[in-house]
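Here come two complexes built around chain A, the first alongside chain B, the second alongside chain C.
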Partner chain A sequence: MSDPAVHESFLVHRGLKYFKLALLIVVAAVVAYIWHRPLGAPNGGTWLGYTLGGLSAAIVLWLTWFGVRKRQYALGATRLKAWLSAHVYLGLALVVLTTLHTGFQVGWNIHTAAYALVLLTVASGIFGIYVYARYPRLMTANRAGLTLNGMMTQIAELDQEIRESSKHLPQEVSEALLRAAQETCIGGGIFRKLSGRDPACPTGKAQRLMETKYAETGIDDPNIGKVIALLVRKSNLLRRARRDVQIQAILRIWLFFHVPLAVGLLGTLCAHVLAVFFYW
Partner chain B sequence: MGESAAKFEVAIVGSGPAGLSAGCRAAANGMSHIVLEKADHASDTIFKFQKGKHVMATPDVLPLRAEVAFSMGSREEVLETWNAGLQQHNVNIRYNAEVSAVTGERGGFDLTLTDGTLIQADNVVLAIGLQGNLNTLRIPGSETATHLQYQLDDPDEYEHETIIVIGAGDAAIENALGLCGHNTVYIANRGDEFSRAKEANESAILAEIERGRILPIYNSDSVRCAPGNLTFDTPDGEITVDCDRVIARLGASPPRRFVEACGVSFPSEARNALPEVSKTYESNVPGLYIVGALGGYPLIKQAINQGYEVIEYIRGNVLDPADEPLIRERLKPVQGFDTDTFLAETRARLPIFAELNPLMLREMIVESAVTAPKTGATVFERGDYSNSVFTIFQGSVRIHIDEKNPDNYVVLEQGAFFGEMGLIAGRPRSATITSNSDDTILIETPRRTMLKLRASVPSLRQTMDQEAVVRQIQAYIASSLDRDSIRELAKSATLESYKKGQTLFEEGDEGDAIHLIRKGSVLVSKRIAGREVALAYRAAGNYVGEMALMSNMPRIASIKAAVDCETIKIDGEAFRKLMADHPALKAEVQDRYGERVVETEKMLEKPEAGSIIEFLMGEGIGEATDVLLIDESLCVGCDNCEKACAETHGGVSRLDREAGPTFAHVHVPTSCRHCEHPHCMSDCPPDAVKRDKEGEVYITDDCIGCGNCQRYCPYDVIQMAPEPPRKPGLLSWLLFGAGPGPGEDKSYRASAPKDARKTAVKCDMCKDISGGAACVRACPTGAAVRVKPADFMSFVMEHRGELDR
Partner chain C sequence: MKVLVRHMLKKTRSGGYAQRDEIVEAPSIRFGRGADCEIHLADPRILLHHVEMTERPGGLFLESLGSIDFQANEKLTSAASLKPGDSIHLGPYDLVVLEPEDGVDGAFSLEYARPLGDDLTALQARSNVDTSRIGIGIRGWAWLMFLIAVGIGIAAPVASHFSKTGGIDPMASETRNGGMETLLARADEVWLSGPVSGVHAHFGGQCETCHVNAFEQVANTVCTACHDDAGHHAEPDLFPVASLEGQRCGSCHKEHTDGNDLTISGETFCTDCHNELSTVAADSRLKDVGGFESHPEFHPTVVKSHDPMVFERLEIGAQPGPVDRSNLKFPHSKHLTEKGMRSPSGEGRVQLVCGDCHQPETGGVAMLPVRFETACASCHRLQFEPSAPERVMPHGDVAAAKLFVEDTYAALALRGGFKAEETDAPAVVRRIVGTALTEDQRQEALDWADSKAAEVLDGRYGRGLCGQCHEIDNGDGLRDWSVAPVHLTTRWLPKGYFTHRAHKDRTCTTCHAAPDSDNSRDVLMPSVAVCQDCHGGEFASGKTRTACTDCHGFHREDLVPAQPSSSAALQWE
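After this line comes the complex of A and B, so read on.
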């Protein structure tokens, strides 16, 4: 392609440019830390401590700014992909930078709280990367060319067909089928979404009912076979639809940890900095 | 009948803007007149606009010259003003009076109405517009049937009915789809497929048929109609279907046949050819005048003006044409020419315009730009996608044939034209052009005008094509050859056209000719293990068929048109002879041949890549200049692309990420492909669909919201959208949660008032935003990419690995 960076993932953006930058910063910090012989134990109060702390704080601010930059759509020629690439690698570098900044001194205080939040935010970020790397392919495979809306339409149509073919079935069955049509839902609460299934699904129940009932008595009405087949088709579609909802939820849910953690970190960081200067 | 005794000075056929304006002027002048209107109200075309539609009064610069008022407003306001005008002037208008024949000439016209009434007049003004007549069913019983209709305004009006829709086009399909939710719907089709319709419609109807929600009656001809049913002739014999309603969507027949029957001649068979008329709108039939949309003027204001003018001309008056100020405006950049001399000189100096009639000439200048570039000034640059055609009215220009050396140029003198390749091939400019003298004057004619002229003036088309073939052969095959040899070769060449999917030649055929693709693109394929495998795609500006010619063997691959194509077919014998005489040419062709053999071998190793090419071609990429693709293995579904689009384009997203097909993780979202020959440009009354330098097809503020472009686009990427309300800023949302947040607020469309002004919106490739396409910039993962034709092959080769995973 004319521009080699056009079609590649943010993880490998421009030959891992930002990975290399982050690596450089980390190596420099480690070397400085080993080389540096402070008076007393290493901690945030030495010149190296301040440097590492200042650098880390700047990076945190910049990482948080990503939430705004992501929505400044008309701004700048830099692609968001480059920003995310830098976001990920500089975010990871924070683990080393802040650890060194603490000088391995931890305790029950606001300073360690800030440090812990960095680690948690980064951990949630790493989970995000895992999710981003794994689920898109699974989603495409599960969809097999349909969208969620498409599945819903097909499900509604199957319901209609089932209703038409089940007019003369016994009341018990037709009631179960009616419930299956009216009460089957996809998604719901966040846990239901994430689980990707519904153990109490009325469609599943109706299907089981029909299968057991007619396994005993045998099938004499050709409509029964048809309805069972339709129910199987509907169940398959339901499974796919729920899986789609599940994947979409997974692709988003981690941000509901990542962002509040980041905002919390920002607050704690301010407190940490204020505290340091207050006690100085 | 009463009137048949009386004879009118003028009979006006049609009461659209043109006809009613003529009627009012005739009445104001006290002429004896009659306006004949086939509908039971005036101005049927505007009457049929959607309720509340906003009617535009473009072009603003054109002064209105009329007895009736007209300004921008809702359909209802406009119609009300006009009806008041008809009353106030006491216009003699007869409704339900469809004219079926006009015979005679000045002083003795006979107009026959469908009910047999005869009307006599000295002069006739044809103002019947372009809508034509809806085709009707002509079968026993159809005349009296009450359950038979030819239009459907609102499918939601019908419930629990059994309805038969007849037809296989988009209108029939859309009706059937709209009705099938609440009714039992049959669709009756003469054949057994719907390939005439848009792809989206075709797949939607097939899906509904598959599901049993619409019942097809294939290979059927309706033969009889009785209350409550319709009878078809089918291969299995006659069947009668009971129904509450029959909706026959049989298309409209354009008015051309009727006009020809009046004795008016058309210059060519082309669909958009215009009838010939004089400066005073008089046709070749003396006393028969043609005004309005029928005469090639697609806007209301123009129609109104012409209605007024034609009456003055009939009365023998001379008028300064209303477009005079427009022409003066155009001529501002050049000194020393008044309108008449400039027009006369244009005809005399420029052979391609020699046969334009005075009206066409005026219209051409009104729609063109006249410029006077000083020596060295750039007219256009190599690589620009602009598609206007230039003619040299005076002076000369330089064609810079060598990109690297600006001093290497050839000169084109007064009288010549250039820039036609963009028009014909839809490809970017192949050379930079600069002015060669300080007195140079150029006329730049836009694409639409040029296409209309090509269709209406055969001599213009011929002159242009002859020269273009020579230039194209030189540019794309034989740059080393002298003009004379090329002219010689061009004599053996013919212009061929192929419909999408048609075969140029088949593997195994004897090779006898090479095809230079001048429009469209083709797919190269080969049979491998019993399966047809796509090997490559070749765009306009490439040639195919040289392999067999070089190797003297049968064709080693098949070539199929990926989209509608035109090729210059060059005789194999003549070409071989030329190569024998010109070793440089032979070397050039041999080089290309070598490259292609290598490429073919590479592709043969990777037949998977072929399936991706085929998929992309099927999605219209073969006519695209820039298309948005999404790599689904990277897309996390965050919709930031759509949000970016909406945020940078007045709150309406022009792309639908989720919709559209996917193959091997390549997803083609519903988004403009910026076609080489944009279908959406086919019929835009104010010529508001334009193409910018980089190929961006965009819509200007001139849009009047008629929806034609939306109908013409085969990829369904144009929406008619009202303007969304303003939203609070980003920070108010981030900090306080104010408003719906970034992206399109999908709820506004449902709540927008019915008469809100809707205009066409589509992707403009972010041509006005620095930094390039916002969708691609906003994608955090790198899934969204824009691909140009030159990069398709490498994109595909890079991507094919996805098939194995």
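After this line comes the complex of A and C, so read on.
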């Protein structure tokens, strides 16, 4: 734990070593592209085109290998961080390398599909960097020491207490409270998870019902005040629990793009290389 | 401090508890879910570090470590002193302070009184907080993407290729009209790396037209099936360095790249060698050129001698200048004089312009040959007998012209009535028209006609008239002269293209100094410097950009084809 490298961000890992490496590759590629005067328009079929394409393909394969490497826990977290740092910067370098490889020629074909998948995969990766820089902190703050399971346990306990305190309340109210206890849920479909809210939450409805109802008549039964207070606590917990699910979903959803896009790219890359040599 | 913890375990049937005592010794005792807590409370409702128990003067003291209060004797608080009998609720745990026994600083019982209940199970069952799946997991989506990519990008095109026959005739109508239109047949179009060039677009969708066998580069025979006349660039025997033998057509003619032009127009493609040609072809007599700015002076091809026909290339602007032996006499300066020429009708003068004689051909590239009948005849009428102005010699055939003159005088003599200014004509010729002649008189008239014709032909209106414009070859005797054959140059620079059409908005004299030329031997080609006034090289600024290929072709038409024709190579032939 005393190793300072453990707390160093992968973005600045070892004095931006991989950033500099990626920058070097990009600058070399751009200089070569400007210097190179091919026969006809620049394209992927010149010697520089093949070089850039081969280099890009090798980088794509290596970047994809990260999916395997990150599961090899025995190889150590620090070196994994080096891998991640290189993964990010070489991935970004890929945008320039593949663009030059295309010679700025695009069309409706498998070759441009591969190029587009590179761009989309890198874009989803950039979103991933942003997400990992921002949301873990927000998640810790939102949880304040509780886990999602802990919040749900407290919510269940509050339901129990609300039930005990609301035995003698009017029919209309106790029905709303029963629904709040039996139908309130956290999360749901992917969009519900990502929204972090449930506009039709039975607990919120019950709370609003009681607040409006007793704002007019006034509170004579001490149980009513207690139930409202419990509902407020439950609503707050629900809000935090849903926010927790929202953050977890955001932390995960970019991978639903990044990984399938990357694997799709792998297949498209195979098709791209095959096509080039099949119809040579 | 040292405390006794009495864990109240499962309730027995009689209502009592199974107990387990534990001695905990530490400077302070933390309660929480964290593994480093002295008293580990595993329930999720407990914080990692929930409360801390310390020893203070007067007894034990309990303090909240987080933001959550605890209940001490039914009262919410964040800190409390403990005395025996106190009851503390820590979430689902109940803690009762006991009388301390000997050897310990304090004692309490700990019971997990409110385990997770049915409400929680039900809430968890209703909720969906699993973020590892969206319909299917990440792995599923990844496989789906991979299979789509491989299916569309590999499986379908490969199947498409093997479902078709290669080497089809690109000119066959079923090919031109798109041929097979089934989805499978067109599946390999996703492999198209760029638009098919305009000239090949008519069989564009049919990859197999050119890509006959898988994993084989397009063979030259596919190209030469149609393009069988592309000559070598230089004599392959003299300049093997420029030989195209063993080269692939596709090395230079790149199909499927952006744009529609299959030919290379970049200047450097030429100047790589021609900038310093001696380094690659020491024997070449071509002058070095590094772009249009440094283009050498033109060397038009002119006639050196007519018999035998020999041409030579002479440099424009050399002293003395190049001479073109067309066998015509034509002073441009005299015809374009500002005074104008005497009108053929005899009234006033006409100012001639270039276009009166030089007309562009239909395509506008070159000029039509100047023809006597259209350009010259209106002024240069080939009349030879003042008393018979309607008699005009035919042009273009000297023998026919001579015959015409002889026939004319014979007819005049036999018919009679000839009134010449000269009075030496015999009476039989000057008699009244219609008078019959005796045989002797006929002979006399024809003898006169013959000598008159000879006189005219060898004189001012025969030989002299032709000789105004033509070089005359003197024959062995009288009347044996003939007009020297005319050689009008149609192309001064046979290895370069030029179109007048693109320059039609300039006046002719911008380039051709015709008004100053008083001899038809002058070569009125402009110097390259005149071109360079407006034209620069491929990267010129401020001038019309002109690449080598704008005027020159790479494959020379006069040399043998660079690639053998493939008449037998394709199965459709």
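The working rule: the second predicted complex is superposed on the first by the 272 of 280 C-alpha atoms of A that agree within 3 Å, B and C clash if a C-alpha of one lies under 4 Å from a C-alpha of the other, contacts with A are read in each partner's own complex, and residues count from 1 in each chain.
Just so it is clear, a contact is a pair of C-beta atoms (placed from the backbone, for glycine too) under 8 Å apart; a residue touches a chain by one contact, two chains touch by 3 or more.
Values in this document were obtained by computation on a predicted structure and should not be read as measured data.
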{"item": "Partner touching more residues of chain A, whether chain B or chain C", "value": "C"}
{"item": "Touched partner set for A:139, first chain B, second chain C, both or neither", "value": "first"}
{"item": "Which of chain B and chain C A:147 touches, first, second, both or neither", "value": "both"}
{"item": "Which of chain B and chain C A:110 touches, first, second, both or neither", "value": "second"}
{"item": "Partner chain(s) touched by A:248 [first = chain B, second = chain C, both, neither]", "value": "both"}
{"item": "First (chain B), second (chain C), both or neither touched by A:13", "value": "first"}
{"item": "First (chain B), second (chain C), both or neither touched by A:157", "value": "both"}
{"item": "First, second, both or neither for A:186, with chain B first and chain C second", "value": "second"}
{"item": "First (chain B), second (chain C), both or neither touched by A:275", "value": "second"}
{"item": "Intersection of the chain A residues that touch chain B with those that touch chain C", "value": "145, 147, 149, 157, 248, 251"}
{"item": "Chain A-touching residues of chain B, taken from the complex the two chains share", "value": "211-213, 631-638, 640, 643-644, 647-648, 658-659, 661-662, 665, 730, 734, 742, 769-772, 774, 776-783, 785, 790-791, 794-795, 798-799, 805"}
{"item": "Complex contact set, residues of chain A against chain C", "value": "37, 39-41, 43-45, 103, 105, 107, 109-111, 113, 144-150, 152-157, 159-160, 181-190, 193, 245, 248-249, 251-253, 255-256, 259-268, 270-272, 274-280"}
{"item": "Chain A contact footprint on chain C (complex, rising order)", "value": "43-49, 66-68, 92, 114, 116-117, 119-120, 122-124, 126-132, 134, 138-139, 141-150, 152-154, 157-158, 161, 188-195, 207, 211, 214-218, 251-252, 254, 257-259, 264, 266, 268-269"}
{"item": "Residue numbers on chain A that touch chain B, as the complex places them", "value": "1-2, 6-10, 13, 67-68, 70-81, 83-84, 131-132, 135-137, 139-140, 143, 145, 147, 149, 157, 161, 248, 251"}
